[in-house]
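You will see two complexes here that share chain A, one where it goes with chain B and one where it goes with chain C.
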Partner chain A sequence: MAEPKLRVLMVSDFFFPNFGGVENHIYYLSQCLLNLGHKVVVMTHAYGNRTGVRYMTGGLKVYYVPWRPFAMQNTFPTVYGTLPIVRTILKRERITVVHGHQAFSTLCHEALMHARTMGYRVVFTDHSLYGFADVGSIHMNKVLQFTLADIDQAICVSHTSKENTVLRSGLSPGKVFMIPNAVDTAMFKPADVRPSSDDVITIVVISRLVYRKGADLLVEVIPEVCRLYPNVRFVVGGDGPKHVRLEEMREKHSLQDRVEMLGAVPHSRVRSVLVTGHIFLNSSLTEAFCIAILEAASCGLLTVSTRVGGVPEACTLFSIHTFLLWYYRMTWLCLLSQIRMTWYEQSKRRYQYFQVLTRRRCTIE
Partner chain B sequence: MVSSCLSNKRYTYIHENENEPTRGAIDIHHVIINGSRATGYARLRWLAFFLVGLAILLGKDNPVRTLSWSCLLSGFFVMIQSRKFVKKESVIIMPTFGIQLQTQYLSGKTVSRFIPIGKILKPVLVECVTPVTCYWSLSLFLRGEEQLTLVFKELRPSLKMLVPIWKALCAVSGTDQREMMTEEEHVVAVECKEYNELYQQMWCQPNYYTSKDKIYSVTKSSKLK
Partner chain C sequence: MDKNLAGDSTPRPKWRKVAYGGMQIGYNDNYTDETFLGEMVMNANVVRRDLLKVMKDSVSISQYLCIVALVVLVWVHTLESSLDENSLLLLDLSLLALGFLVLLLTEEKMLLLRYIANVSFFTTGLYVLAPVYQTLTRSISSDSIWAVTVSLLLLHLFLHDYSGSTIRAPGALKSPSLTSCISVNASVVASVFVASRLPSRRHVFAVMLFSLQVFLFAPPVTYCIKKFSFGLHLLFSFGLIGLTLYSVYALHILFFVLFLVIVVVVNVVCPYWLIRMQEYKFEISGPWDEAKLCFDITD
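Our next item is the complex of A and B:
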């Protein structure tokens, strides 16, 4: 007997044209579900003039609902304000499952609440780690407890994230599944000819230049590494509020020829930047999973990261010898591999979206 | 002669055409609001009562004078608003000549707009998303105009009523149609590759969608057939 096809509504404040991990996750997951014959509709808020209905690759229908974001790309929370449009979309698309993404998305919380009120099956995926002490986190955790009170299932991207979500929301651990993120290995492949490491070692950093992603650590570390190793150069991709600090660091230590600032790098060009380097550096202060490490490893780079959140899980899943180094008040977790293609093959086997998707589908069913 | 009639809670759709359709026969499509007179005034009745009540509360010194003035002003307000009550919207299709879009109001006023056939690029069915709802609307791409032209400006008839009008407009404007059957719904997709530039200009316009060099007008017409 053929499996019944699902009609899934993905809800989040974070979707294209905004670029990030959550956006990519929603898009690739939707594409895989469409390939399996399910119907997927995405609901998000309007981005500038981009409102209404748009169709993306594979017939992915996206509703850009004209609710303007008010802070950090989030829709203004009105509790019942989005009920009419959520109900309209659920009815006209004949949705069977509502899948919300990201705890920080107000649209996601409201849609999940309204969907449960109407009796729909609801799944929630948490992509980030949050604290317990500051005012914003306390408020967010209260809202999360309310929203997740009676959902069907929850998905987290690492065991650390699962522990964090269970503690914050008060969910039963049996309801929370751990399904790691995936990487598109067809897109992130090592270069045919690896750059020569005889003269210059290139360290690549691609991240949003914000406090949370450890941009301040970069400002401290880069001059020190450049001083100790004259044959090292840095390539920094990404943009954000801390961009100015990095520029100041370049000026102060006269590192213009050794630190290259690329600015915002489109996702389609990330791979071409990664394959020019030998080492990938991730200095995040907190990470639920860190897809950037996977992408870098998939491209054949050695990866160095701060040991925070779910990063050790992502690294140990590679089953590669690891050792820890203490350096300059940071703990470095080094991934060693003699053969870079082994990483690519391993990530392809473990983290291809299709395999991850199968686990998610079992969760929903 | 009435060839078809569809009705729902809010609107009634009437299609008039010749008994034996000949080349060049005029095709008329009407969409009428059900109970328009009662519905229109009922909407303002409660507003008028509220205004009268508010005036009585505020003007306690001389209630008779306040009551009479408030009734007068409310009635005047209702009269002004009633000019906007639409009774019927019609699309009159004259092949090889053009189409006429008519809006008839409760007050008896009729507003018409004639669009020559040469000016019509293509008719499209688009989904319009508002902050509280999402509905289908029939629009026209016109030469030399940046904005889409709505066929029904005031009314929002259902997709079932819009599809036969859209098909008739496609036939008149010479737009190529291709039908694609899916498992669940009968989807009529229209491709118009020659209008790339116009679509690219309108990329950022709300309430319609493009996908590279194609525009899709998707309809659910399974129940009609």
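Our next item is the complex of A and C:
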């Protein structure tokens, strides 16, 4: 018997043309749902001149509602201002399930609230970890308690994230499903010819250069490692406020030939940067579920990461190779012989998108 | 949704806290293990406070309140002309000498030098500028002056740095924060406004000298006393509170009652309230917390 087809509305402030974890997640999930025969519509705010209705690959309809973002990519929170447009979209597209993403998105909270008022099924996915102590977090958690008070299911991307969400929102743990993120292994394939590791070992870092992603740790670690191991070079991709500190570090220790700064790397070029390296370094101070590690492992790199948040759960059994980067001293292990295809196959098996979204569909039903 | 087959004899494998490997057989996605929230730590960094210690610490707050109350009393008496300029000048000199003595006895060389330098500097300045202050607010009505003075004093009390002195010796731990600078400025402006209502230049000079002396030097001097000996600090504070209460009583009974209530609230009610609220403290930490860097970021 054919299963009833769902008509899903994905709501978030974060979508294409922005690139990031949440945006890619929404996009890939929508594509997989479309492949399974369901209908997906995405609602987000306008990006510059990009307003109105656009169609993306596979017939994905995106509503770029004509509001400007006012702070940190979020629309201005007018509680009842979004009701007309949300109702119009819900009725016109004959939506059955509303799926909100990211606790930090005001549009998501408002849409979920209006959908629930009108009696629709509502699912919420949280992608980040938040604290409890500072003013911003306290406010966010309070808003989250309101939104999640009357929700059907919530999805978290790791067990640590589930604990964090349950504590923040006061939901019963039985309502929170743990479904990890997935990586597109068709895009993140290892290189056909592996870079030789005889003379130079390349360490790749691709992240936003902000405090939260551990850019200050990089500033301390890179000179130490370069000093201890003369055959190592670094490739740093990404941009941000801490770019200046990294440049200063390069100047101070004269590492211009050993540390290459690529600047912002477009998402399409990330794989080509990753396959030039042997090791991937992730120094973030907090991660709900680090997709960057998976992308790197899928490309055949060895991953070294800080043991924070959901990272210990996401690492595979080969975790003897996943070091603990405590302080700025790193224990270095020999790493030369690595069967990279094993990494690729492991990732492929473990994180197939189809598998992931089947679980998602089950929660919705 | 449950995939357990009827008559399945093999027990399901142990649940693991991992994100890879797909759905764990025999467990739903919303399965909550006994280890859920097992790594949460509550109230790890909370300071447990003792009632007596908090009450002793709150004495420095009421001491400063008394100092400000005494300044206001002197202003009131000067404005009513019950205190003439000669006795005021005498008061100034004796206070200066007292401060000097305290700093000498507690052996604060740095503060002493800065004290002498500052005092000589602004005494000269004040004497020269006294005519300016006298005619400064001639066109403003008295009501506005009293209203502004009271609000500035309240602002000063609200933003004052009660934990340390605003004038610190160089090389001290904490530099003055923005709020303490604002509070000092507020008190100085309040004294200027009050001084501008006085009849003669000598009055203006005496009152300005008195106010500035107290507002600028009372914090470091009391800090020195506290550092030197806590018992002496307590004795000094209680003496000051007694003196203030007596003077306010002599002024008006209503203000006396008000001041007494404030002192009791600051010294007794607030510490007790703080200790009572401690039991509601709920600080959560766990594996989801952001990692703290163990080194300082030096730019």
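Definition applied: the second predicted complex is superposed on the first by the 343 of 365 C-alpha atoms of A that agree within 3 Å, B and C clash if a C-alpha of one lies under 4 Å from a C-alpha of the other, contacts with A are read in each partner's own complex, and residues count from 1 in each chain.
The rule is short, and it goes like this: a residue touches a chain if its C-beta (ideal position, glycine included) is under 8 Å from a C-beta of that chain, and two chains touch if they have at least 3 such contacts.
Since we're looking at a predicted model, the values are computed, not measured.
Asker: Under the stated touch criterion, which partner chain does A:G136 make contact with: chain B (first), chain C (second), both, or neither?
Answerer: neither
Asker: Is A:H159 in contact with chain B, with chain C, with both, or with neither (first, second, both, neither)?
Answerer: A:H159: touches chain C, not chain B.
Asker: Kindly classify A:I85 by the partners it touches after superposition: chain B alone (first), chain C alone (second), both, or neither?
Answerer: Touch status of A:I85: first partner only.
Asker: Once the structures are superposed on A, label A:V65 by its partner contacts, choosing first (chain B), second (chain C), both or neither.
Answerer: Only chain B is touched by A:V65; chain C is not.
Asker: With the two complexes superposed on chain A, say which partner A:T51 touches: chain B (first), chain C (second), both, or neither.
Answerer: In the superposition, A:T51 contacts chain B only.
Asker: Give the label of whichever partner, chain B or chain C, reaches more residues of chain A.
Answerer: C
Asker: So in the superposed three-chain picture, is A:F177 touching just chain B, just chain C, both, or none of them (first/second/both/neither)?
Answerer: In the superposed model, A:F177 contacts chain C only, not chain B.
Asker: Across the complex, what residues on chain A touch chain C?
Answerer: Against chain C, chain A makes touches at 129-133, 153, 157-164, 166-167, 173-180, 212, 214, 216-217, 220, 245, 285-286, 288-289, 306, 308-310, 313-316, 327-328, 350-351, 355, 359, 362-363.
Asker: Over in the complex, which chain A residues touch chain B? Could you list them?
Answerer: Listed in rising order, the residues of chain A that touch chain B are 48-56, 63-67, 81, 84-85, 88-89, 92.
Asker: Where on chain B does chain A make contact in their complex?
Answerer: For chain B paired with chain A, touching residues are 126-134, 204-209, 211, 216.
Asker: Using the touch definition up top, name the residues of chain C that touch chain A in the complex.
Answerer: Within the complex, chain C touches chain A at residues 1, 17-23, 28-30, 32, 36-37, 39-40, 283-284, 286-295, 297, 299.
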